[in-house]
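One structure, pasted below without further comment.
Every chain is named by a letter (A, B and C) in the order it is written, and numbering of its residues begins at 1.
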Amino acid sequence: MADALRLESVSKAFGGLQVIEDLSFAVPVGSRTALIGPNGAGKTTVFNLISGVYVPDSGRILIGDHDTANVSAARRIGLGLARSFQNIRVMPHLSAVENVMLGEHHRRHPLAAAWGRGATERARAALADAGLDAYDGMVVSELPYGIQKRIEVVRALLAEPSMLLLDEPAAGLNGAETDELRKLLEGVSARGVTILVVEHDMPFVHSFCNHVVVLNFGRKIYDGDNEGVRRDPAVLEAYLGSSAGAGDAA
Amino acid sequence: MSGYLEGLIAVLSINIIIAYSVYLPAAAGLLNLGSAGFVLLGAYTAGALTSLHGVPLLLAVPAGGLMAAAVAFAVSFPILRTRGVYMVLATFAFAEVVGGVLLNWPGLGGAAGLSVIAWPGLGAVVAVSVAVVAGAAWLMSTRFGLSVRAIHDDESVARLFGVDLRATQVAAFTLGGFVGGVGGALLVHQFNFIDVQGTGVLFSIYVLLYVLMGGTQTVWGPVSGALFFTLVPELLRYLASLDPSLKPLESGRFIVFGVAVVMLMIWRPQGLITRTMIERALGRSGSGASRG
Amino acid sequence: MLLIQQLINGLMLGGILAFVAVAFTLTIGMLNFLNFTIPALFMVAAMLGWALITPGAHPLALGMHWLPALALGVVAAVLGSLLIERFTYRYMKTRYGDATEHALPLVSSLGFLIVFEHLAMSLWGGDPQRFELPFRNTDLTIAGFVIGLPQLFALFLAITLVAALQTLLSRTRIGRALRAIAENPDAATLMGVEVQRLVPLVFVITGVLSALAGILYAVSYGTVTPFMGDAVATDAIAGMVLGGLGNVWGAIAGGLLVGLVKVLAISFFGAEIEKIPVWGLLLVILVFRPSGLFGASRIGKGKF
């Protein structure tokens, strides 16, 4: 069976700056993979390449069996891909339910006026699953940061993706909120959804993920499991060389 | 009801209709500085139908709307290729071209304008404006409305969730054209006259300003903008009649409008009516309201 | 014969349009701001000058000598421009926001336009007024062709000013600072550029350009009204787009071109048809070649 995601020799430069260089890695179906690395390693750029916001200068990106070469960003959700963002990008003037309902948008024709049966109920149920039902009708810009972040994850979940891309989902969350998030994601993973996270929160990564890819300056320096990453010399050098020590960046 | 009041309600109703013609594209993130173009198209089409071809008003008004919609649809494709200030200028250019074409179209009166006889009556005008507001409110509550509002808040994320940006914007622009055409058709018949010179740059500017003043976050914004633009001058006139020392305020009603626009852009750029305001009014706020 | 005279007339109008187009393109290029108060400043200088010079019962009829009167007109326009800088540009939000919020300065400038025009109207009424200077005939006649001196002067002044501006921008410290601001105001501040002092300079230049254009227009065509700036500004905007947003030499060429097209269209097809070629051409350019005929300047991003 094909991997959920495969990058093959992907490179991307902006102006004179080579941000991603000859990057190859695979994300197995159903895995919980973390993409980590010091600041500026290019992690969010990788996400933007996968979701189609940027186009690679060279190399291929495959989602399942599909080469994404000519698939526009708007059509990748049709390939089973949904994501969240590093700086939260919920729709500020819509309510929680409305934001979440956007996740289902791709399942009907673009101009279809009606949602179809049960759409609002599904959105409400998804929010309830995440413990957020108290915020259903509230305008999202009024809600606290942690709540907005989780709403963004629920929105991606409602797209019923086969692969979920989460960009720093635990950033800015306190201990309790991080636990809630982990529980939510464990449930999602148990349903067979592949999860790829970019994270700096190492305890979260160690407790949740079973596969780790480490980037430094746009290149892969480690690809393996949770245990190995703590001891890998290249990783330690990459992190110790910057201000954060490997394994305990908050 | 006095003639004065009737006239005021008619003007208000038509201003509301035209406000929605600019609101619909604005809600999808498109600024239209050429609403005069759609108003003229609707007015001249409907006016020509009733005065030159004896078509009943009931058919002529929608025909005006459809003509404006057809042109809006055709023009939306090139215009949507532009962005930002270029788009504002493109809509502006469009309105100028429409004005120029109509000015020279045989049989429509040229620079002297078009006069018509058929009269819709206050009831019809108010009914249509209520229908437009209700229709817009319904539209914004549908899935299509959600795509529009999602685009308004964040175009690129909306696309990532499968919203067809181009299709939605074309639809919003075309619908706006239709509504503008209907507004124009009613305008020419309610006031018996229209001319290109009087429905030009300044007209488009006023409409855009009072729509933005009302706020484009919610479907109730345009009504408040139109109310402000139409009623504040009357309020000033009334105040001046009570206290003659306030006379300058009355003749300065556009000045008051302009100052209000400037102040609003400084202190409340999102417009008079915002989403959070509506939610608070309905008791559904995130800040210490009824919910736990 | 008639054609040549019309060509000359077109270039004469074009000279004034070029002047205004430069003002527009300068603010777009330097500040990313489509400044709709330029027509108002254009009018303020001309009408204030008229009011001060011309004897009569209207407000400010001081019967002044034309030189100080027109100078005051320019000063008034500059003050108006600084007022706009204070209350419009300073509040420009460059943050991420919805599309309508990016349009703040443009919308605000439209508000100011309305205020100024109606202020003028309430002071002096909406009727066209005759603007006359002591020297009667300002036209040059060569070989039977009439050439308007004020318009010629406008063209000459526009070219000189643009050349001076280009030199300022490329050779002086202030010019480099202005270009840095145009590229990225925040980065410029970090590099020590005194944005707060230089941005008003651009507004002052805008005020001066608009004022001079208005005065020259009034002298050339002999009438002033509160709404005199509108038609000229819309044509100047067309010239700006043709020349490429932010491109000051392009603005001169664009202004001249629009003046030519307009006058020729009017003389051959009648006054009413002229909107179609000018704006039709513009629409085509905006859609297919937004950088204009000569390419938009790389100064600034040319947004709002």
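Keep in mind that, in the parts below, a residue touches a chain if its C-beta (ideal position, glycine included) is under 8 Å from a C-beta of that chain, and two chains touch if they have at least 3 such contacts.
Quick caveat: nothing in here was measured; it's all calculated off a predicted structure.
> Closest chain to the overall C-alpha centroid, by per-chain C-alpha centroid: which is it?
Measuring from the global C-alpha mean, the nearest chain centre belongs to B.
> Among the chains, which is located farthest from chain B on the basis of C-alpha centroids?
A
> Cα centroid separation between chain A and chain B, in whole Å?
It comes to 41 Å between the two C-alpha centres.
> Quick check: how many Å separate the C-alpha centres of chain B and chain C?
Comparing mean C-alpha positions, chain C is 29 Å from chain B.
> Compute the distance, rounded to whole Å, between the mean C-alpha positions of chain A and chain C.
Measuring from centre to centre gives 50 Å for this pair.
> At least two other chains touched by the same residue of chain C: list those residues.
As it turns out, chain C has residues touching two or more other chains at 98.
> Hunt down the residues of chain B that sit against at least two other chains at once, touch-wise.
In chain B, the residues touching two or more other chains are 152-153.
> Taking each residue of chain A in turn, which ones touch at least two of the other chains?
93
> Touching chain B in the complex: which residues of chain C?
28, 34, 87-88, 91, 93, 98-104, 106-108, 110-115, 117-119, 122, 227, 230, 234, 237-238, 241, 245, 272-276, 278-280, 282-283, 286-287, 290, 302-304
> Mind pulling up the chain B residues that touch chain C in the complex?
It is residues 26, 29-31, 78-79, 81-82, 84-86, 88-90, 92-94, 96-97, 99-101, 103-104, 110-111, 152-153, 155, 201-202, 205-206, 208-209, 212, 216, 248, 251-252, 254-255, 257-262, 265-266, 269-270 of chain B that touch chain C.
> Under the definition above, what is the set of chain B residues touching chain A in their complex?
By the definition above, chain B touches chain A via 139, 142-144, 146-147, 149-150, 152-154, 156-165, 167-168, 171, 217, 274-276, 279, 284-287, 291-292.
> Considering the complex alone, what residue numbers of chain A touch chain B?
51-53, 73-78, 82-83, 85, 89, 91-95, 98, 101-103, 105-106, 108, 110-115, 119, 134-135, 137-139, 141-143, 155, 159
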